[in-house]
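To keep things simple, chains are lettered A, B, C, D and E as they appear, and every chain counts its residues starting from 1.
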Amino acid sequence: MSVGSIVLVVLVLAVVGYVLGRRRALSTSAATGTRLHSLPGYYGQTVALFVAVPALLVLAAWLFAQPILIENRVRGMIPDSVIPEGGARSLVMADVRNIAGGLDAVLRRDALNEDALVNGNLDFSNVRVRLADVGVALGSDVPREVFDAAVTYRQSAKYGSIGMTVVVLAIALALGAWSLMRIKPKLRARNVSENFIQALLIASSTIAILTTVGIIFSLVFETANFFRMYPASEFFFSTVWNPQFRGGSDLGIIPLLWGTLYVSFVALLVAVPIGLMIAIYLADYAGSRLRSFAKPAIEILAGIPTIVYGLFALITVGPFLRDWIAQPMGLGNSSSSVLTAGLVMGVMIIPFVSSLSDDIINAVPQAMRDGSFALGATQSETIKKVILPAALPGIVGAILLAASRAIGETMIVVLGAGAAARLDLNPFEAMTTITVKIVSQLTGDTEFASPETLVAFALGLTLFVFTLALNVLALYIVRKYREQYE
Amino acid sequence: MTDAIAATQGKAALSGDARTRRRHAAERRFRMMGLLAVALGVLALVGLLFSILSSGLSSFRQTYVTMDIYLDPGILDKAGNRNPEDLAKVTTFGYAPLIKNSLAKAMNDKGFNSQLEAGPAAELVSAEAPAILRRYVLNNPDQIGETVEFNLLASGRIDGYYKGRVTMASAELDRNISPEQLQLADELKEAGILTTRFNWDFLTAPDASDTRPEAAGVGVAILGSAYMMLIVLALSLPIGVAASIYLEEFAPQNWFTDLIEVNIANLAAVPSIVFGILGLAAFINFAGLPQSAPIVGGLVLALMTLPTIIIATRAALKAVPPSIRSAALGVGASKMQAIFHHVVPLAMPGILTGTIIGLAQALGETAPLLLIGMVAFVRDYPAAPPEGFFDPASALPVQVYNWTQRGDPAFVERASGAIIVLLVFLLLMNLIAIILRRRFERRW
Amino acid sequence: MNMLTEAATEKALERKMSEINYKMVGKDVSVYYGDKRALFDVNLGVRNNTVTALIGPSGCGKSTFLRCLNRMNDTIANAKVTGKITLDGQDIHDPDIDVVELRARVGMVFQKPNPFPKSIYENVAYGPRIHGLARGKSDLDQIVESSLQKAGLWAEVKDRLHEAGTGLSGGQQQRLCIARAVAVSPEVILMDEPCSALDPIATAKVEELIHELRTNYSIVIVTHSMQQAARVSQRTAMFHLGHLVEEDDTDKMFTNPNDQRTQDYIMGRFG
Amino acid sequence: MNMLTEAATEKALERKMSEINYKMVGKDVSVYYGDKRALFDVNLGVRNNTVTALIGPSGCGKSTFLRCLNRMNDTIANAKVTGKITLDGQDIHDPDIDVVELRARVGMVFQKPNPFPKSIYENVAYGPRIHGLARGKSDLDQIVESSLQKAGLWAEVKDRLHEAGTGLSGGQQQRLCIARAVAVSPEVILMDEPCSALDPIATAKVEELIHELRTNYSIVIVTHSMQQAARVSQRTAMFHLGHLVEEDDTDKMFTNPNDQRTQDYIMGRFG
Amino acid sequence: GAAAARDQIQIAGSSTVLPYASIVAEAFGENFDHPTPVVESGGSGAGRKKLCEGVGENTIDIANSSSRISQSDIDTCKANGVNEIQEVRIGYDGIVFASDINGPEYKFTPADWHAALASKVVKDGQLVDNPNKNWSDIRSDLPDQPILAFIPGTKHGTREVFDEKVILTGCEENGTMEALKAANNGDEDAAEDACMDLRTDGVSVDIDGDYTETLSRIDANKNGIGVFGLSFYQNNTDKLRVATMGGVEPSVETIASGEYPVSRPLYFYVKNAHLDVIPGLQEYVEFFVSDDMAGPNGPLAAYGLVSDPELAKTQEAVKNRTPMGPLN
């Protein structure tokens, strides 16, 4: 049975289990005259969960393990002699898999049955051509051993999948039957299924942790390699970022960190006031017509590809700032600048602030507003002094999200602020950010095992730690000023 | 005494004292600022949309050449036996002369006064044309020797001429097109051989190489993006909401949950390319999933979207007044029931906002796809799901990114066209969420 | 019969209006919540230096009328108010009138206590702050203390002024809201069942406060306790199903009401 | 003196416990909100088929004690409950006990009416639904109607069952919450000032309901009205500053209390 | 776990080679019974890294590269079991200097560029910080226009070519090399490095993006002169005016003949172990270097690739699957 149909069968069994469980709960309760502990649906749910969840977990594990096991077995069948020079066993295995996959089609087309294959009676000649006929392409002719391995592979896979079907369905049925038998009015079915669900909730929240672990793992080794080639003190404390193609680069993170902070700061300077004002206006001033139009419209800003913003910065905003502000004021004549990128990026992250804050502001109970109005507060006083403090945690979350997006942005920075790492206070100068350099060092022409490329990992890890510190700070602030209504 | 109060205060009520006037001025300012902010936001959107639409709408129209082509057996089937294997030996290079000859014949028949040689004249037709002919001939070997009417793409420069991108003046300088060729195009147009019409192919065709901007479409990219978004939505929404519910409602308040909280906020700040690094390491190198496949892209984007949804959901859950929970618990609802029956529906607007914004971000992201091999030139359509999740595919933002890097200016229009498609895709995707959100919104 | 009584009341009212010193007057006040009408052409005046009690069965429109007087119904999306209401002879719905000023002059204590999610101190200090009533920190402290004292809460909270107002008991929250309203010294105070969660002693404190305030201000109080109405008010108005049944001197109302419904209600005989 | 009285009360209680039919018993119950102690070693039993009234000045810990009985204090982040509370002899803090089941058996009407932001019908139907008390739609309709009727709200809302429960008047919300609690037929009903926003007639309806319920259930009611306590309850407990001052038959309490404080409170002499 | 068998060729690497690779891939898909290869772009370095990750279906088959593979990459390959790789040179990429079409005409020498962008130049026999503001400060017959150059960022292979073939050559030509050598006590390496040290006052702008970005920047700064690939320039002759270098105008012919000095070879690297496993791989490689594709009259040349005069040798090597020898 194919995986899809196993899943389908398990799901059908779960539905059947639900119905049976529910019915059994009702009938036992009627028969014994005892009240059910939980709603009958919960009894059904326990059966359904016991049918589906373990079986599907076993299925997933099996799917993961079976190829590894079979492969190990078949690998051993391939003698070294048939492995081409310069090739590898793993590549021969590719052929094995290909042939195994094609054999079904060959058998079907030639109207052969399994026996021929198992008994080695199948005509080995012209395997490649015959497989090609059924649409399976092989890179070259294969030796007999490989073909035999493929046959074994196919057999094992077949037995494996029969085994899998049997085991999975057996588990589903057994646990289903067990949980069905277990049903009696006293059974705390709601608690059972709620515990099940709570386990799922916990599992979901561990994904965030796993992601972090994954990120750290995928960065830390190459970062270590980098620091083996490049002194850490230089990386952390040098104020020069000047990678060279040939090596001998200066890779100080400070100008990049500065650029990151500066650009993000400008972007937040744009996005936070505008976004918050939008949120406030939409939540507390605007009519429902304007609100239902403006909110989704502004959300589109977050979905416009950043390249559009980048080009806008490069072609329109940059030259405008240069010609109308920077040059007349003698602040430089660069068309790419921190201000350009910051302004444009600020526009992009407006919806992060506005939409999320709007929801939170909207959720502050009306009684809070009434209380303030009745004291003769104006609407703006009410908002500033009562609503915003009450909505603070959510708003800080929204701002953090916006800041995060600003830190992670590349295209707008590249096109708006340039690629030059510089440590400067003048917002009309070109600067660049850590994220931009992670991308550019990682995708460049330089060889991989050089500090110039590996620095990307060190930059990533440093940024990770840095933002972690900022987030701890933010959490502390929220805790300190949080106001819980009711 | 009361009269005195009434008199003075009556006046006060009308005009207010200086302080009240100041407060009112502040109120008006605040309100104006709000309106201004909304106007700014909408204006920015309108401006950006205008620039996208004005440069991209033209990609939905395309110039075609409709012409009769003689399928010359002397070229296509030298052996004369119509053997498919022999026919397949003739490559697309072999088909180019058919077009050249037929066009020359047409020009001759209709008495055009263009002095253009057959070679430069044939450059009016897209480099895609021979491939179309070849496919047709291999499918219909019996048509060899016949004259068949074909509907072929005009080359990018000619197409640009009718969209205003190429002018006689620019053609003077352009080494890829000459004014004479443009004049010939005008004559062909007059004769009805050249027509400009709506371009479905742009939505369905796969990407094309740099030499054929006119043939490039977003078909594969739409599929790739759709597959990825399916995966993102199916994973990040339930997992994100589940995780938020656990953290906000069930988890004990201790250093560990603080750690998770900070950690999630921090994941949001991880640059998207780092998620690409993670995806490469975890899904391709460790789990052995294929390169360039929507399954990997979807998983990476789902991980990337998760923090956004979690942060939005948690904020929304936090905003639901505790009295609602007490009310439910008071009638004997379990915590789980109180949350799923009352709290989550009330937090729904925030959850949906998180989803909208998270998906918007995921849909437009290129950087993480770079590392898992999806920023690629892909011409074959992925199969239907679930197998198709494992086939190579491209994505809409990737197509935009790739096309903005190409040399031929015709791709600028295509890139903007792809952005339009992306935005429409985004709107369609979010429409349900937006409508739902409006239904769930309420004050209490 | 209703109609007749109402017409009579109205005429009587109009006659009186010229003589009596009214602080606020509602004329033909009707309120609709969406399609549903909650108040029917109510004519009722609030006199200077007088406590007016609103009584009537639950859901009859007392709170609704009260909210009309300082236009709190504006904040309810689907509520519509018609008729004319004046404060010191000025129409409060006049476009010229400043609703903020109005509410500063006509304070309100809500039926459900709604402390801000701030400290107890900040809850009380909020009003004086926005109206600039205090000259400095010590001045503000002074206002906060005296307001809390007036509401009879000072003794209980003086050691925890900087803890959250939402962490108080139900009755304490109610008194906090009274203190908050009193702190801005409004000319008219609307109190919607201010003692519903209070024990007899705390109730006595609040009633004392009301008595005290009356010397300078006008007070409208909604109450379900006939005793309380009799104790604190000089005028009483009886509502029923959205109609003003009658309004008269409290003494008269409780001894010899004009309307049968009033009599029944006071005797606890219908509902 | 306090100590002595308490010790005496405790002994008396222990002596009685063996004879009397208790539904719930709290032993040495203390509650802390953060560092602040709100209840001090309270020993109090709730008898079967009896109405117990909790009285005492505002902020003395009545609601706090009430919330202990169905473990609603669990939901307050910084609240800590110590001591032992039993329901039918079973410790309600026992890890084996299912707090959900506990709350289904021990229903509660909160001091501040807190209807769900759903329709009136859904507000009442919610409890029966999650407990599977109705066999079908008509059964459920039946429960909703009878519950609303018991709470004296049916007449007012029968035409607007599908409008929002939050759009009701204060007193109507309060009765809605009573109907909601009654709908699940709990064995013990905890009512925190259930009539605070009700007019005399509505109050009478609720008192009638309480009287009716007593034949099958146990009821604990917090009230500030001595009259009400005297009318509806058989036992009365007096709290003061977090301490249980005394508990006795209502008749006895109101005529001849043991403790001076009780006497003072009932006479309205302190606070 | 193991994935299903892969039947399309996977290619990754240089964005410079990408247009050519995709032209070939497209034609390959049209003319052969195999699926169209998937061509990723991600930079030469990343492509070679992926190539060297190992053999097996979930690794790529071919890495495109705009610069030659380095010994360290080869070592990585070896360490991961990728023992045999073929180096295939597909032609040359011309690097041109171009400015806005409406601006003045430029005739450069490498020395001009060095004088314009180096951080230290010789002025009146003294080594000084670069004082040149306008091109005419360098040579009076150059236009009187501020110097503003958009050059590839340091991650680009093009930058290396620019540094070595323009700046370093220019440094030697205008005698700065000598002065620097003297200043560095005769240390030639140090002098070379100093030669290629560019000024950081905003006159020379690194472009981390691609040529379209350079073009847009020239659009925004009409004074700017950008560095482009020949094929990109050829697609935009109506917007860009190309400068001559040493009196030679860049074109496919002048570069092929070696007259125009600034160009670099383009490569791709094939994992030999995959040749018999991934269907169509050998055909693709042969098709790429066939005369039909990579010859002087093929589509690649038409798009701007300078075809390799030694193409026949490459075709031979490809047919024989000759692995690359040690780097020389």
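Definition applied: a contact is a pair of C-beta atoms (placed from the backbone, for glycine too) under 8 Å apart; a residue touches a chain by one contact, two chains touch by 3 or more.
According to UniProt, the chain labels map to these proteins: A = Phosphate transport system permease protein; B = Phosphate transport system permease protein PstA; C, D = Phosphate transport system ATP-binding protein.
The model shown is predicted, which means the values in this text are computed figures rather than measured ones.
Between chain B and chain D, the least number of touching-chain steps is 1. Fewest steps needed to get from chain D to chain E, stepping only to touching chains, is 2. The interface holding more C-beta pairs in contact, when B-E is weighed against A-E, is A-E. Put simply, the chain nearest the middle, going by average C-alpha positions, is A. Chain A and chain E have CA centres that are 35 Å apart. Each chain gets a centre from the mean of its Cα atoms; for chain A and chain D, those two points are 49 Å apart. Taking each chain's centre as the mean of its C-alpha atoms, chain A lies 56 Å from chain C. The distance from the centre of chain A to the centre of chain B, with each centre set as the mean of the Cα atoms, comes to 19 Å. Each of the following residues of chain E touches two or more other chains: 1-2, 4, 6, 42, 46, 209. In chain B, the residues that touch at least two other chains are 23-24, 27, 322-323, 334, 346, 370-371, 404, 444. In chain D, the positions touching at least two other chains are 100-101, 112, 130-131.
You'll find the chains touch as A-B, A-C, A-D, A-E, B-C, B-D, B-E, C-D. Within the complex formed with chain A, the chain E residues making contact are 1-2, 4-7, 14, 34, 42-46, 48-49, 52, 54-57, 65-67, 70, 72-73, 76, 81, 83-84, 153-157, 159-160, 163, 193, 200, 202, 205-209, 213, 216-217, 219-221, 272-282, 323.
Contacts from chain B toward chain E in the complex involve residues 88, 91-93, 127, 131, 134-135, 170-176, 207-212, 284-285, 287-292, 370-371, 373-380, 390, 392, 402, 404-409. Looking at the complex, you find that chain A touches chain D at residues 36-40, 188, 190-191. Looking at the complex, you find that chain D touches chain B at residues 70, 72, 75, 77, 100-101, 103-105, 107-110, 112, 114-117, 126-127, 130-131, 166, 177, 180-181, 183-184, 186. Contact residues of chain D toward chain A in the complex are 98, 100-101, 130-132.
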